[in-house]
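Read through the structures below before going on.
Each of the two complexes below includes subunit A, the first together with subunit B, the second together with subunit C.
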Partner chain A sequence: MGAGHAHRLYRSGNSPVHRLPPHCKLAAVFAFVVVVVSTPREAVWAFGGYAVLLAGVAATARIPAGFVLRRLLIEIPFVAFAVLMPFVAEGERTEVLGLSLSVSGLWGAWNVLAKGTLGVAASVLLAGTTELRELLLGLQRLRLPAQLVQIASFMIRYGDVITDEMRRMSIARRSRGFEARGVRHWGVLAKTAGALFIRSYERGERVHLAMVSRGYTGTMPVIDDVTASRAQWAHAAALPAAALAVCLIGRTL
Partner chain B sequence: MTSTPPPSLDVTGLAFAYPDGHQALFGVDLTVGRGERVALLGPNGAGKTTLVLHLNGILGGGVGTVRVAGLPVDKRNVAEIRRKVGIVFQDPDDQLFMPTVREDVAFGPAAAGLRGAELDERVRTALDRVGMAGFADRPPHHLSFGQRRRVAVATVLAMEPEILVLDEPSSNLDPASRRELADILRSLDVTVLMVTHDLPYALELCPRSVVLSEGVIAADGPTRDLLCDEELMRAHRLELPFGFDPRTVPAI
Partner chain C sequence: MHVPDGFINTPVSVAAGVVAAGAVAVSLRGARRELAGAGSGALAGADRTAPLAGLVAAFVFAVQMLNFPVAAGTSGHLLGGALAAILVGPYTGVLCISVVLLMQGLLFADGGLTALGVNISVMGVVTVLVAYAVFRGLLAVLPRTRRSVTVASFAGALVSVPAAAAAFTALYAVGGTADVSLGKVLTAMVGVHTLIGIGEAAITAATVGAVLAVRPDLVHGARGLTAPLRLRVGGELVEAPAAAPAPAAARSTRTFLAAGLGTALVLAGIVSFYASASPDGLEKVAADQGIDATVEEHAAKDSPLADYGVKDVDDARLSGGLAGVIGVGATVVVGSGIFWAVRRRSADAPAPAPAATSGGAA
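Presenting the complex of A and B:
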């Protein structure tokens, strides 16, 4: 991962969506997801409308469909759960291709699948157009507790350092003829995990020392303040506003 | 005599024992004048790190006083002291904790209350001084070790310190990075206290050296004289690298 300059979820670009301030995008995605989740599952066409809206955002951001679809694969475990529902749910049953399925289970599966996919797709678009660091600034701006933002930013900074340390320990183990095979070796792996924890903890202490030495007193100083104009908020609001319109039509019909 | 500036660092009678009873310092006296570059030499366990952590008030509560540019190090002016004493720690991964180089360099001055254009200017100047201006938006873990060390120096320079304290600045550097760092340190016009085992590096950069051994200053003098004093070197477990003779090194 040494050469990459950004997270692999990010796709660099200079589209209007990329340029929006991160906190606007975060708020927009959150509002969009709330609208999607509150749509009654029977309004099937409304979900199609949401998908079209997201496709519009992807097109504006110049993110190819393949990029989004590949990253949607993360949803698979939930899909498996949704697929089970028609088989296990109670109630009225119906015949599909010779299988006896529960009607409420089918609706439930559709509900999970449609809402989940739309939510994940929206998040993929957010991550694809916003750098991790920007996301943190956005969260900070949205008044997420400072401690949580600090923890997240340290995770980003030290994730690679700790992974590297883990890799070196693994190489050292294997160089001395150890290969983890089966339960009997779990003890060794557990000790490695413990050692890694202690090393990380001690690094944390050293980092804290370095921070205190440069004047840290418990709160991070504001270095980059992200601001958004009215127009930018309006642009970001386009997605949830359109979704809300679709939702209201879906409810009244 | 009219107002001569107070020395950058003035340590008198400093003694300190850790809470577990281990006594690390037994009365250290050290004065470093403004603009001097001094090497602090000593074997492992001599108390070098303990002394360094006293300079910006991280450790304290023992006997004796530390003054930085005339200002005593104590609880009341700890913020001011930490701005004046810039410590560069040994592992740049500990020192560089922000997501990008620019934010890391900005951390110190921003904590001191600087904002906006003034802050940007401070960051740019500090990165320029270590030749890393082109790397401002990189994450620190994508830099080479030598580059990270230079950025670590910049993070401290950005605070415009009275004295720069470097803990083992040459450790883990390849010869080219080592030379680059030496050029940078020589070009700075700040007081430098350099903690090191690397005796050739001390000779190259610091006209004066002090030897800290068993919690006291055991010797203080021109670096070349100390390195040529074989008996002194042996007594304090300081060894020159194979084939290195301080007598034959030309003066810089």
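Presenting the complex of A and C:
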């Protein structure tokens, strides 16, 4: 909750990517993902081009490949789904290593895998080079409703507090000999969740009162407004522009 | 269930994004009303929205990490849509789930950025709206006791998860990029998510019950319940004669209900045990259907559940258990609903009726 806490997904650094204003980065990542998603899946090499672009960004931001690859693991459930797709999809079938696979299923699997992976990698790079507070400022600059940004900032700010509260409850349970083994113990866990809700809500009420007593009226004062120069926008636009070029070439070929 | 980039095509993603943005905009307005008058008076107004909704969002985020062991090493976790809707109201619920999804997409890369609209529409809007509609609908029929709030939240959560799966299938039907037949997707999604829904329902009901026992004033869905109690405290702490028949009625139905819920829970555990034989039921169901070509015809003319039954032995056990649990859950809900409705008509029809409408309006 105190100052100076960086989330564990963030990798501090002082690269050109780190220095870019957050709203430029957000817009660039979003545009990049839109371009990737709207690329036809038959343009196989285009996705390789996108991967090279992202690798270039990672290199500029001095983020090691291992960091990005480890974070890509979040995608595993959908990899499992994609692997099954060739077996369940219809259409003409082809023989690969003695297995009968659907051609359209293979394309579908490739489509989900390639686009999903690129999207995750882009998000990982964004989260790795942008501080949480900056990210929220960027969202605000991108005209997300102020109320929504405030809710998100409260969630981020107190997310760790609430999670720690839950962890303390778990320690308290275990130190009293409780071990959740099956459905029989759901009652206890549900009571934990209920207590956690009450504590969260009451904390919200306390936070609100503390803020009101310091002059809060429903809007947060903007202390450090981030602005982006034309050059910074141009730098940020390099990624989606290059991706768009790859996409257009992929469409025409 | 977070949809990644590229799973749903661009036009449908954009359309879902518009729907999600509209829902969030409406919710922002509604949440201000919901959070204004929870505990304190009219002094606290619109400025309560951000801190309270933010903390509830943090709670949803945290409670999704709370693991509920099912059996044999498998465990599930709460999705939280129905719980948020019942505890803090539908508008705040949509808002909190949307913020959680937004942050998960941006920070944890969980769910694609272009699929954010799809994710919010399916997991935020559909789940919350369906859960709250079922919850409210049941509360209007059931007597105004704490127990019926728990039962209604069980039913709301139970229906909301398969409903979200069906909504996802609908989006997939319009803009899916994979070439898997609709019947298969619907069967797999709704089938698996019915199982998940049972766990979600049990946990949601237990959690709502736990909050009700300590701070009933915090439960948005039970605000109608606390109103008559507060009036009575002003005069004397003695229970009013109108409240006297309520415990008697509740006691007779309590054992019946506990038995019903207990059966559903036990069955849910057994069924989940079989489901845990494969790491993810969705893939298993999909694979089985792909191999079995005859299933296609059944999927076309029968309901998903009927299709579930037509399979090899290993799956027949699962499908039988599933059908049983659904049957038990539906019987408990419908049966007790009718039972109570009839009982209420005959016993104390005029008294709770105005309270029911005022509760519905809140």
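As a convention for this text, the second predicted complex is superposed on the first by the 245 of 253 C-alpha atoms of A that agree within 3 Å, B and C clash if a C-alpha of one lies under 4 Å from a C-alpha of the other, contacts with A are read in each partner's own complex, and residues count from 1 in each chain.
As a working rule, a contact is a pair of C-beta atoms (placed from the backbone, for glycine too) under 8 Å apart; a residue touches a chain by one contact, two chains touch by 3 or more.
Bear in mind that the values here come from a model prediction, so they are computed numbers and not experimental data.
After alignment on the shared subunit A, the placement of subunit B and subunit C results in a side-by-side fit free of clashes. Looking at the shared chain after the overlay, A:Arg133 reaches subunit B, while subunit C stays out of its contact range.
In the superposed pair of complexes, A:Gly116 makes contact with subunit C only, with no contact to subunit B. Applying the stated contact rule after C-alpha superposition, one finds that A:Val29 touches subunit C and leaves subunit B untouched.
By the touch criterion stated above, A:Trp45 is placed in contact with neither subunit B nor subunit C. Using the contact criterion defined above for the overlaid structures, shared-chain residue A:Phe154 touches subunit B and also reaches subunit C. In the superposition on chain A, A:Phe81 contacts subunit C only, with no contact to subunit B. More residues of subunit A are in touch with C than with the other of subunit B and subunit C.
Shared-chain residue A:Thr217: touches subunit B and subunit C both.
Seen from the C-alpha centre of subunit A, the directions to the centres of subunit B and subunit C diverge by 80°, a value given as a multiple of 10 for the model superposed on chain A.
Once both structures are fitted on chain A, no C-alpha atom of subunit B lies closer than 7 Å to one of subunit C.
With the contact threshold set out at the top, residues 132, 153-154, 156-158, 161, 203, 207, 211-212, 216-217 of subunit A are in contact with subunit B in one structure and with subunit C in the other.
The touching residues of subunit A, counted against subunit B in their complex, run 2-5, 132-133, 136, 153-154, 156-158, 160-161, 203, 206-207, 209-217, 221-224.
The touching residues of subunit A, counted against subunit C in their complex, run 7, 9, 29-30, 33-34, 36-38, 41, 71, 74-75, 77-78, 80-81, 84-85, 87-91, 102, 104-105, 107-109, 111-112, 114-116, 118-120, 122-124, 126-127, 132, 135, 145, 147-148, 150-159, 161-163, 165-166, 180-183, 185-187, 189-198, 200-201, 203-205, 207-208, 211-212, 216-218.
If you check the complex, the residues on subunit C that touch subunit A are 4-7, 9-10, 13, 24-25, 28, 39-40, 44-59, 61-63, 65-71, 78, 83, 87-88, 95-96, 99-100, 102-103, 105-110, 112-114, 177-181, 184, 202-203, 206-211, 213-215, 218, 265-266, 268-269, 279-280, 282-283, 286-287, 289-291. Against subunit A, in their complex, subunit B makes its touches with residues 53, 56, 58, 79, 82-83, 85, 87, 89, 91, 93-100, 103, 106-108, 110-113, 115, 119, 138-142, 155-156, 159.
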